[in-house]
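Worksheet: the structure to be examined is printed underneath.
The first chain written gets the first letter, and so on, giving A, B, C, D and E; residue counts start at 1 in each chain.
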Amino acid sequence: GKKTDTLQMAYDQAPESVDPYFNNVRIGVIIAANVWDTLLYRDPVTHEYKGQLARSWKQIDDRTLEFELRQGVKFHNGEEFDADSVVYTLNFVADPANKAVTQQNVQWIEKVEKLDRFKVRVISKKPFPAAKDYLATTLAIHPAKYYKEAGPKGMNAKPVGSGPYKVVDHVPGKSITLEKFADYFKDSPRTQPKIGKVRIRFIPDRQTQMAEVLSGGEDFIMHVPKDQAEKLQTVPHLQVVSGNTMRIVFIQMNSQDGGPAPQLKDPRVRKAIAHAIDRQAIIKNIVGGGAEIINTICTPSQVGCTQEGATVYKYDPALSKKLLAEAGYPNGFELDIHAYRERNQTEAIINYLQAVGIKAKLNFLQYAAMRDQVRANKTALVHQTWGSNLVNDVSASTPVYYGFGADDVTRNAQVKELLDKGDQTVDPKARNEVYKKALGIISENAYSVPLWSLPVYYVASREVAFKPYSDELLRFWEMGWK
Amino acid sequence: MSSLIQARGLHRTFSVNAGVFRPRQLLHAVNGVDVSVERGGVLGIVGESGCGKSTLARMLLGLTPPSAGSIFLAGEDVAGMDRRALARRVQPVFQDPYSSLNPRRTVASIVAFPLDVHRVGTKAQRRRQAIEMLERVGLPARYADLTPGQLSGGQRQRVGIARALVMKPEIVVCDEPTSALDVSVQAQILNLLLDLRQEFNLTYVFISHNLAVVEHIATQVAVMYLGRVVELADTRTLFRDPQHPYTKALLASVLTPDTSLGIPETGLGLSFPDPLHPPAGCPFHPRCPQRFAGCDQVRPELLDTGAGRVACHLYSNATRQ
Amino acid sequence: MTVAAETVLEVQGLHVDIPTPAGVLHPVRDVSFQVRRGETLCLVGESGCGKSMTSLALMDLLPRAATRRATTLRFLGEDLAQASRKRINALRGDRMAMIFQEPMTALNPAYTIGEQLVEHYRHHRGAGPADARTRAVELLEKVGIASAAKRLGQYPHQLSGGLRQRVMIAMALMCGPELLIADEPSTALDVTIQAQILRLLADLQKELGIAMVLITHDLGVVARIADRVAVMYAGEVVEEGPATEIFATPRHPYTVGLLSCIPVPGRTPPGGKLGTIPGVVPSLVGDLQGCSFRDRCAHAQPGCSRTIPLRESPAGQQWRCVLAPEAEAA
Amino acid sequence: MSAQLPAVAVLPELEAVPAPPAAWRQLLSNKALVVGGGILLLMIVLAVLAPVFAPYDPYVQDLANRTVPPVWYDQGAWLHPLGTDQLGRDYLSRLIYGARISLLIGLSVALISGLIGTTMGMLAGYFGGKTDMVVSFLVTTRLSMPVILVALATVALVGGSLWVVILVLGLLKWDRFAVVMRSATQQVRSLEYVAAAQSAGASTTRIVLTEVLPNVLPHLIVIATLEAASAILLEASLSFLGLGVQPPLPSWGLMISEAKAYMFFSFWLIAIPGTALALLIFAINLAGDGLHQVFIPRERT
Amino acid sequence: MLFYIVKRLGLALLVALTVSFLAYMLVFLSGDPALALAGEGARQADIEMVRKTYGLDRPIPVQYADWLGKLVRGNLGMSVYFKTEVGPLVLDKLGTTLWLGLAALGVALVISVPLGVLAAIYKNSWIDRLCLGVAVLGQALPNFFFALLLMMLFSITWRLLPVSGSGTWQHFVMPALALGYYAAPAFMRLIRAGMIEVLGADYIRTARAKGLPPATVVFKHALRNAIVPVVALAAVQLGFLLGGSVVIETIFALDGLGYLAYQSITYKDFPVMQIIVLLLSVIYVLLTLAADVANAWLDPRIRVA
């Protein structure tokens, strides 16, 4: 609370490790963003890059970026920031032997070279247009000397970064306490932190979290379901803020050979499914404010993602029924639908499918179990969501489901080729063109049903001044007391 | 007449839990028993609680296999006999008229059960046979469809007897058949047993701790003490002239309804027989009013004294100086 | 009856009622008797005839559901029927004591013999531990237990049945009661031990001159120990009188039948027919008119269903039967 | 005056002992059983005839009419007597259909675990010795494993569905059956009518099935009711933690789980299935208590 | 005595071994544990890496033997999720859960002993029925539902107690109540049944016949004997409470073993899950052993002379 100058926040999941390279969860990303700095900074509104630990940068060739580093930056333990920090950190995590959990964030790095004390080069394995985005979001820089000594384990036990907040207490699985870093470097594109302390507790149960904010035990929670958020809005001492996110929601339809529902191989059936769902109504009643309808399988804000040229399947149950009849299923058919989160939405979708005669049986599983099934070609419909790991580039979303990876259940060679090409094209214009073509083919064939982007509701005490961003990142340094 | 049923050197041990924290112990429930009955005879077995009477009975019935020794039925070793063949010839009557009848069956089906097992006749025939037997033991046909819970103790015991007799066995082993009953009912059951013995030419092994009853019904009596037979004689002899000090004490303890007599002094001490820790030598010596040196050393053999057999150093010349 | 002070216990018209789902059960109906100092009264009868209920009613130990009423219930001249719970509790264990049938279960397995022997003595007499202990040792020796002091520290399960019953007797005698009620004190024991216990009881009763009510179903025991006998049938005392009279000239057909049932060596021929009482005991539920034995009685007659006169012989024998002694004799 | 009655030559007609009240009378005279059994019966009827009683299809959503409160609230209406849930489904209909799921779970789990436990318990109780040792060991092992944890883990790994839950609980909850059946069988086995059957030459199978089983059945029934109740509760707990049966099945546990998000504002959403569940368990336990009192009297008459 | 305890410990070991095997096999229920371990968004390469790292490419018996061997040497493995050693992690949480379990046991006994004694004394009266009602209600009320009700009343409406966490004793009040009330009926029934039996026992009649005050009869003679089986039940129940605290700990975010178990289940943290299951079984077996010893101490019939 304001009185103690401590923002008390509850979150439902504990990070497995505080070291940003060794956890896979949102709260880990949030902590990382507040405790560590990255070389670059991406403005959350304009998406424009600024130097953070780097003062400037230049593209040397297709695969090489060169950074001039800022001087006089100190880590929380007093260690000074220089090229060694960058070189050691990135080379360490990029080495598969060190088993960084977030491999997709680092596996593109071939190596990082030190040119002089404040100059480094980052070399990727292949031309990698999204490199800057990664360097601005997820690739935190550790103090070289400390990291060498303590390793990821020590970093988890006693985290040390250079960001606006430092970790003063960490009880794994229970809570993490951050404190304003008084020596945070003044030239940072980020503002200086205002709130003295941030205490994050891990409470798995949503009701408990809600009870906590209701009883004043906590000041801040997020990911509150729409209905509850709307109710909480009526509580005098609370404020409810909603924001869009990068997470997109869509239905995967297995049209591979040997899938459990061969009906889905017929494009008319897939289109019928797409026409059967009233996205507008579901958004209005269940998903909630801030959600946007999408028509392609990527986050609209992502570089390369476009809705242009995509076939739009409007809600039209009559047409849907007609298509089904044409395909030879005038009385519909039965199939399974798999899901792992946002169960309400799945149930609503099931209800709409039922209305056109498709009986979908829900299999609500843990993510891993569901993915097993997907990869074993045992799923028909899958209610998927994808957050792109915050990477604001289409290479982090569409190819996951259309690039012939394990999660690709459609396997269109043409699409794959286009996506591959896009991933390696450096020229932005040509790149966008290639992606647009790929996305167009996907939507034309109705390989999946794009649904919406997921909004997130934050509930906070009225004393807290804060603003949501679509990357779901909490910028404690920007927050203050009202 | 040769004996119809004969036990030779019967032993039975149990491994018992002496307590949660103690190792198991070996209990010698029956410790080398030789008894026999002739056809038509009644062998009474008496003795204190825990002396092994029921264990002996169960062995005779083939319910508990002997640890050692063997049982002969008309000269044939029972060990080699089929269980069902034995069942046709030897049947039990139990003590507890409550637990000896399956409460979930009707009276008729309880009595017909042995017939069912041996698949005698049709179902209807078996029922008829059962009802005939019930009538014979004094239970009119209208009892046939009642359950044991609706009967009195004496009636239940009649059902038990009917069940034992329905297969027309040769031997009936009665383990305290009247000790749970009131005197008035006991008299009825004893009368019935005696009648039936005549009618079906039965041989009884009759266990009881009531000496008056044994004297009334038995032709021969075996007195047991701590798993052993200490005296064996025909009834008249034993009651007229008991030899063993324990038999004497037992007889002295019988309280006849005679107001002119007081309570007898048995002369037995305070120690009590503990089958887990039987004394050395003669098992009875710690309580024996006539014990002498040597009684706690050597165990007396069961020896013939002319009128009967007795296991006591008072009568064995070998140990008597 | 001579001086009233001699009468320790006087019972007139004792009833016990137990409400059950099937109706009110009357295990004790209109029972009357008295016991004098130094006298042993035996209550005898078949299982379930209400002997135990009678004794429990005397001690006010009836089950919760049961209620007791009596015209007179006088102990040492004091009216127990009117006495408060507290007063009765003060008498129990002190002036009147009781011994139960099962020595195996009548002692609390969780406490030592010593503890159980002294607790009521200390409670009633306010005696100190040392005093109580001395008294306990004295009594254990009196009931024939050797090395008594050592026994005090033992638990009931470490004793044999006979010893436990001796401990029970010692316990009952701790406060030197005027009245001792013994409910089948020897039935659960082996024949040889039964004789020992009965002898001990009889000896102590004579020695201490207490009044004793002994309950048993064994006519042999009754004959040997009783001064007076009350024969119970279906909750009623059907015949009462001096033991010698009852055994010599039983008057009530039930008593007669009972006596004929037991094989008596020398009197009943071995293998011969025993006398029997046909039929079963009537239900104790509901009211009963007339003689409860009439449907098992060989002498039953229409008058049996009316009120039965109480008859008395010159020798002090009382019984309830329509048959007049002379008619019976004819 | 003769000292002896004339010896009765022929046994006269014996007095018929008044027959004890018929079994159903006895059952009806037990208040706990009547109340518990009555509620239970009502629920069973509702469940079996759910299509008749439920005013709506429990699966049909009406996104425009979500979380409508029950009639006794100001905003409620008879259209939906118990209101609607977060997807606009009629709550009364879901509740009625939900009874099916709960009862099905209770019954099936009791059946599966009863079969396993009874077999093990009776074998151990009848044969004793080594069999008993093995069964006792299995029971100890089973008891030492925390049911809910193992069930949670299993369901989390295999994926939840009605049948998975039933199977997992059925395979986990046999311990009490085994324990009780073992001691009941031991007890019956020592009774003399078993010895009588043996003396008649009956085979062990026959004795176990016709002499022992009918007499341990009352225990079995009592345990089965209690275990059914506890299985229903366990399923509710699993569903509560999101690892139970699959939506949109209207299991009461799932309904509570879904409603808990609304508890601070629409309390009735959680209170209704919560109360229904508590009532069901209460009724089963009460009936179980009653059966216990009727079937397993402390003393024999 | 020593012989007996050694025998029991042997049994405990055998049980633990069996449970360890079952707990180990639990992992394979999911099919391929490597897939589960790799987490959301893992690629094939990551999965292969996980498979290698955790030795999941070896035959199952070898894996088990290896795991067991390490276990015996005190190496309980690494948490997949928390990246710390399982031993300290689990032991750290055990204390909280033990306290919760004991507190709940306390609550259960405080509720059940008086109720059980009262119900037994006034058997079949309205008091008995009332006590039974309270008990059956406790059994019928799903404990998570009860917990939420408590939370609503004590934290939201009255703001008396903190909603969640484990810092102070106040944090334990509601969880202990919710857990304890659920456990109380079993005790109450046992105490009631035990007291009814004991009150009907001959030695109670003896005590009453001795003219002892009613309180002495009930508490000294009756309760003392009726309480013996309660000790055994208490041990068993404590074992169950520890295992059953998953739901309650999760609701109240009480940082104990149950909560850790729930987390490890949802995070597919197999090493932690296995150790928790194993630990709880061992505790259970030890508790029952302790109960036996306590029983022997309370019941002179089985006490060693």
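FYI, a residue touches a chain if its C-beta (ideal position, glycine included) is under 8 Å from a C-beta of that chain, and two chains touch if they have at least 3 such contacts.
Listed by chain with UniProt protein names: B = ATP-binding cassette domain-containing protein; C = ABC transporter ATP-binding protein; D, E = ABC transporter permease.
Bear in mind the structure is a predicted one, so any value in this text is a computation, not a measurement.
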Inset, instruction - Could you let me know which interface, A-E or C-E, is made of more C-beta pairs in contact? - result: A-E
Inset, instruction - If we define chain centres by averaging CA atoms, which chain lands farthest from chain A? Would you check? - result: C
Legend entry - Between chain D (ABC transporter permease) and chain E (ABC transporter permease), centroid-to-centroid distance (C-alpha), Å: 23
Legend entry - Inter-centroid spacing, chain D (ABC transporter permease) versus chain B (mean Cα positions, whole Å): 46
Legend entry - Rounded Å distance, chain B centre to chain E (ABC transporter permease) centre (Cα mean): 52
Legend entry - Where chain B touches two or more other chains, by residue: 152, 155, 188
Legend entry - Sequence positions of chain D (ABC transporter permease) contacting 2 or more other chains: 11, 14, 17, 156-158, 260, 263-264
Legend entry - Junction residues of chain E (ABC transporter permease), two or more chains touched: 30, 36, 148, 152, 156, 250, 262, 266, 268, 301
Legend entry - Interface residues, chain C side, partner chain B - complex: 46-47, 144-146, 160-163, 190-196, 198-199, 202, 217-225, 243-244, 247-248, 257-265, 268, 270-278, 280
Inset, instruction - Note which residues of chain B are touching chain C in the complex, please. - result: 48-49, 152, 154-155, 182-184, 186-188, 190-191, 194, 209-213, 215-217, 235-236, 239, 249-250, 252-259, 261-266, 268, 270, 272, 274
Legend entry - Residue numbers on chain C that touch chain E (ABC transporter permease), as the complex places them: 59, 61, 64, 89-94, 97-98, 100, 102, 105-111, 119-120, 123-124, 155, 157-158, 168, 171
Inset, instruction - State the interface residues of chain B toward chain D (ABC transporter permease) in the complex, per the touch definition above. - result: 58, 61-63, 83-88, 90-92, 94-96, 98-104, 110, 113-114, 117-118, 138-140, 142, 146, 149-152, 155, 160, 163, 167, 188
Legend entry - Interface residues, chain A side, partner chain E (ABC transporter permease) - complex: 14, 16-17, 22, 24, 96, 99, 101, 103-104, 152-153, 156-157, 171-174, 201-205, 207-208, 211-212, 214-217, 366-369, 371-372, 375, 389, 400, 405-406
